[in-house]
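Chain nomenclature is as follows: A, B and C, assigned in order of appearance, with residue numbering initiated at 1 for each chain independently.
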Amino acid sequence: MSEEEITGRSAREDILGRLKEIPKTVVEPRPDMPPLRELSLDREQMITTFIEKLTLEEGIVYRVQDGREAIARLTEIVVGEGLQKVMVSTDDVVASLDLPAWGKEQGIAVLTPRDSGDRDSFRDAVFDEVEAGITGADYAVAESGTLVIVHDADQPRLISLAPIMHIALVSVERIVPTYERAIEELYGDTKNIPSHVTFITGPSMTADIKGKPFKGMHGPRRLMVILIG
Amino acid sequence: MEIRTTLFNEIAEKEIRNPYARAFLKAMPAAIAARRKTVMGSFPDPDAAQACGQAIRAEVVAWLPELLEEFEKNALARGAKILWARDAGEANEMVLAIAKERNVTYVTKGKSMVTEEIGLNDALAESGIEPFETDLGEFIAQQLKRPPFHIVGPAINVPVEEVCDLFMEKAGMEKPTTDPVELGYAARLFLRDKFHHVALGVTGVNMAVAETGTIINLENEGNIRFNKSSPRTQVSIMSLEKVVPTMEDAMHLTRLLSRNCTGQAISAYVSMDSGPKKPGEIDGPEELFIIIVDNGRSEIYADSVAREALRCIRCGGCLNICPVYAKIGGYPYGWAYSGPMGQVLTPLLLGLDRTQDLYRACTLCGSCREVCPAGVDHPSMFLYYRSKDVEEDRGLRGKKRPWKESRFFDLWSRAVTHSALWNLGFRLARPLVNRYSHSGVITRMGGYFEGWFRTRNLPAIAKETFHERWKRLRRETAPGGQNGRKGKP
Amino acid sequence: MKIASLFIPCIVDLFLPEIGEATVQVLRRLGVDPLYHKAQTCCGQPAMNAGYRDQAKKAAKHFIDVFGDDDVIVSPSGSCVYMVKHHYPELLSDEPVWLQRAEEVSKRIFELSQYIVDILGIEELGASFNGAVTYHESCHILRGLGVSDQPKRLIQKADGVKFVSLPLADMCCGFGGEFAETYDYISEEMVKEKVGCYLESGADLLVLCEPGCLLNIGGYLSRNHPEKKALHIANFLAGTGGVG
């Protein structure tokens, strides 16, 4: 298999060449569209909308005042569910709560990605060992109850995906009305674009067998969000 | 994937009598259509929102090469590797080469219609690399060796007993069950093990954003996210028309796609890749290959009518609303693409000669056109293909019409321009047709019209057609009317 | 004295001339003098739908010659009006003189209920029916011409009528011209479902504006539910009998 065949360079010229041969047609200007209703919501309304929408998708949302209350609520959840071992990311929100220390107090094993060392061990941990993943979120979008998570070295992808439960912590200051608000900030600087971003709106689900819907197909079966502030 | 487009009638006649298929088709599409209407209401002006989506897709078609170049440039800048494939063979060879170089023994795949179009699974299997479909419905369809029944629910018509047997045989399920939830969880365990150890994940692409070089996928299950997170190598395959201009455009289309597909405001997960993982990140692909597949589209592009097919964003809105699809389900369309959008695209990719029924089995009701967020005018496309058959168009592989039909329309066109001939024709036809009638009703007739009379009657041709009655009607009491005056408002 | 030129399509001419008669009666009742050009033949839809564009073009040019000088053309068939408005300009796009004439004719042709309500501004015309009436939204009329309110208002304003909505009113009845013959096994399932909705609605009468749909639905009723009736809006307004 030649390099050229593998990279398909001549295919590129072929394809683009054929497309470019065709004379351009005039395209109508885009029609006007009234702005989305969510854009006129104030912060409290956005929070209410966010909670309402995510709850409809069977996400569970807790509202707490501050970091201290967040820890208390987290403890309730984890102890209530009988969780023994969790994986946490090391993004700002989570880091500020010092969950490894909290874990020691509670007798819960709190792993961070770095504890695992290499990617395969990390992968083994999130797939087989931990019962929940705890992450922060970068934005909470009111229009559909959607979390926006930017993945980087402090925010691995699998923590919010592989464990059966995902607990997300997000400050109310990160709430935005629509997706575009988050996108503008994330993709505005073309020199510095995140490698991976996920929008999460509720637990994993399917209705592929007989049309019967259920949660937890491949991703988490339960999604809990702690809104701080 | 086997092409069975010439078996449309055979498969459709079987499916239309299949109680499982009919039960699902009766309920789901209508339910989704109703949800769609409600959720489109989240836009202050749903019609404007739809028109905006249509305008974006018009731009994509008009500027296709430039947008693809921009996408490539920006994706390369992010560290992605971009490959171009002229046809299915080239695309499959590329995937195989990537897999073999990395000693991959199996791949996990997210739902991707273009990979069905190019027959990727067969190519992989033939080379000893096992492909696992990981979308639950696709997994079931793949294991049963069936084509997808519906864009959203590829195996939603399969009886639970069959799924149970299948999972016990092929998915390591130990205890039999017909509970859909338990079956789902059994599949989850089986596929989870595959995700855990996979070295190469394959995905499709919902949108490729030119502005940033980002690929975007929508899903509810999470299997695509696994394919983008667990393996060291990710291969994402897109057909040309998946490109969109900006991230903002992508957000708008995400809303429209979700609403049309399943009646959701947004799917449970949307994932966006701009290049492979960055250094320091502990998961995600070290290499991201994006394969851009042509497979006949750049040729279609030269035809100013046919190229409109490239607007389609694969939302499935047209399937959910089509009254014909609601009777026959996805199988009769015979290939990777079903429903009205399949009727538009498949003839262009495979040739009109092998896809005759796809654009003829349609009442031109226009429901598809009405909901389409991309602005595809399906009925116009079908009429265009039908005219290309009559013209025996070589490019689209139009198929010559039966001699009797051509002759009929030649005679017809002579009569239609000469009313005396036209009316004479009716007068001659009347006794011939009416010999089948009793008491003004025809209950049976042979030949071409036989099908009508299986369940319907027809009035006999009137003893006095309207044309023949006019003389008398004209003379009847009319308020101050006179003959020969031209119609005025 | 208002004058309206009648376009009576082949299905009406041959099989359902009572629709044409009723159209004449209704127009006269509303003070409109109907005019009928005997040279008219066909709008060309059958040829267009079968892909025979050259032949359809011939029909289009003949139509334009026949109706070209009329200020108003009215037809009891929405699909024919759609053919003229939507497809004639497309068929004649490469012949500027004909295109202009086609565009002129497009502006002046109306489906019957559209003409009565939108142009004449009349909704009550002394029609009556004692019982529950429902309405089937034909594809070319609803989605092609955007006509839906007009016939419903005419029905609702008739004396003694209780208007009930038809489940899945805008779902295609399965006629589709040639489709009913070439894909009969699908067509019959569609008309069966449509009739099922009619029965479910509890209406005593089904009214519609499209002769093709009437042949289809009426033909199925005649065979399977002869006690249930379907009527064209012209006959409904004129108070005269019809198919079904």
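We adopt the following convention: a contact is a pair of C-beta atoms (placed from the backbone, for glycine too) under 8 Å apart; a residue touches a chain by one contact, two chains touch by 3 or more.
What you see is a predicted model; the values in this text were computed from it and never measured.
Chemist: Just to be sure I understand: going only through chains that touch, what's the smallest number of steps from chain A to chain C?
Modeler: 2
Chemist: Central chain, going by Cα centroids?
Modeler: B
Chemist: List the centre-to-centre spacing of chain A and chain C in whole Å, with centres computed as mean CA coordinates.
Modeler: It comes to 54 Å between the two C-alpha centres.
Chemist: Taking each chain's centre as the mean of its CA atoms, how far is chain A from chain B in angstrom?
Modeler: The mean C-alpha positions of chain A and chain B differ by 30 Å.
Chemist: Specify, in ascending order, the residues of chain B that touch 2 or more different other chains.
Modeler: none
Chemist: In the complex formed with chain B, which residues of chain A make contact?
Modeler: 1, 5-9, 11-12, 14-16, 18-22, 24-25, 27-37, 53, 57, 113, 116, 119, 122-124, 127-128, 143-144, 146, 151-153, 156-158, 161-162, 178-180, 183, 187, 190, 193-212, 214, 216-220
Chemist: Along chain B, where are the residues that touch chain C in the complex?
Modeler: Listed in rising order, the residues of chain B that touch chain C are 9, 12-13, 16, 30, 323-324, 327-328, 360-367, 369-370, 383, 385-390, 401, 405-406, 409-410, 412-413, 415-417, 419, 422, 426, 441, 443, 448-452, 454-462, 464-467, 469-470, 473-474, 477-482, 485-489.
Chemist: Can you list the chain C residues touching chain B in their complex?
Modeler: Interface residues on the chain C side: 1-5, 8, 12-17, 20-21, 24, 28, 31, 33-36, 38-42, 44, 46-55, 58-59, 61-62, 69-73, 119, 139-140, 143-144, 168, 170-172, 174-177, 179-192, 215-216, 219-220, 222-224, 243.
Chemist: Which bits of chain B are touching chain A when the two form their complex?
Modeler: Within the complex, chain B touches chain A at residues 24, 27-28, 42-45, 48-49, 51-52, 55-56, 58-59, 62-65, 68-69, 74, 78, 83-86, 90, 93-94, 97, 134-137, 140, 153-156, 158, 160, 163, 180-181, 183-185, 188, 191-192, 195-196, 211-212, 214, 220-223, 225-226, 228-230, 232, 240, 247-248, 251, 254, 265-278, 280-284, 292, 294, 298-299, 301-302, 304.
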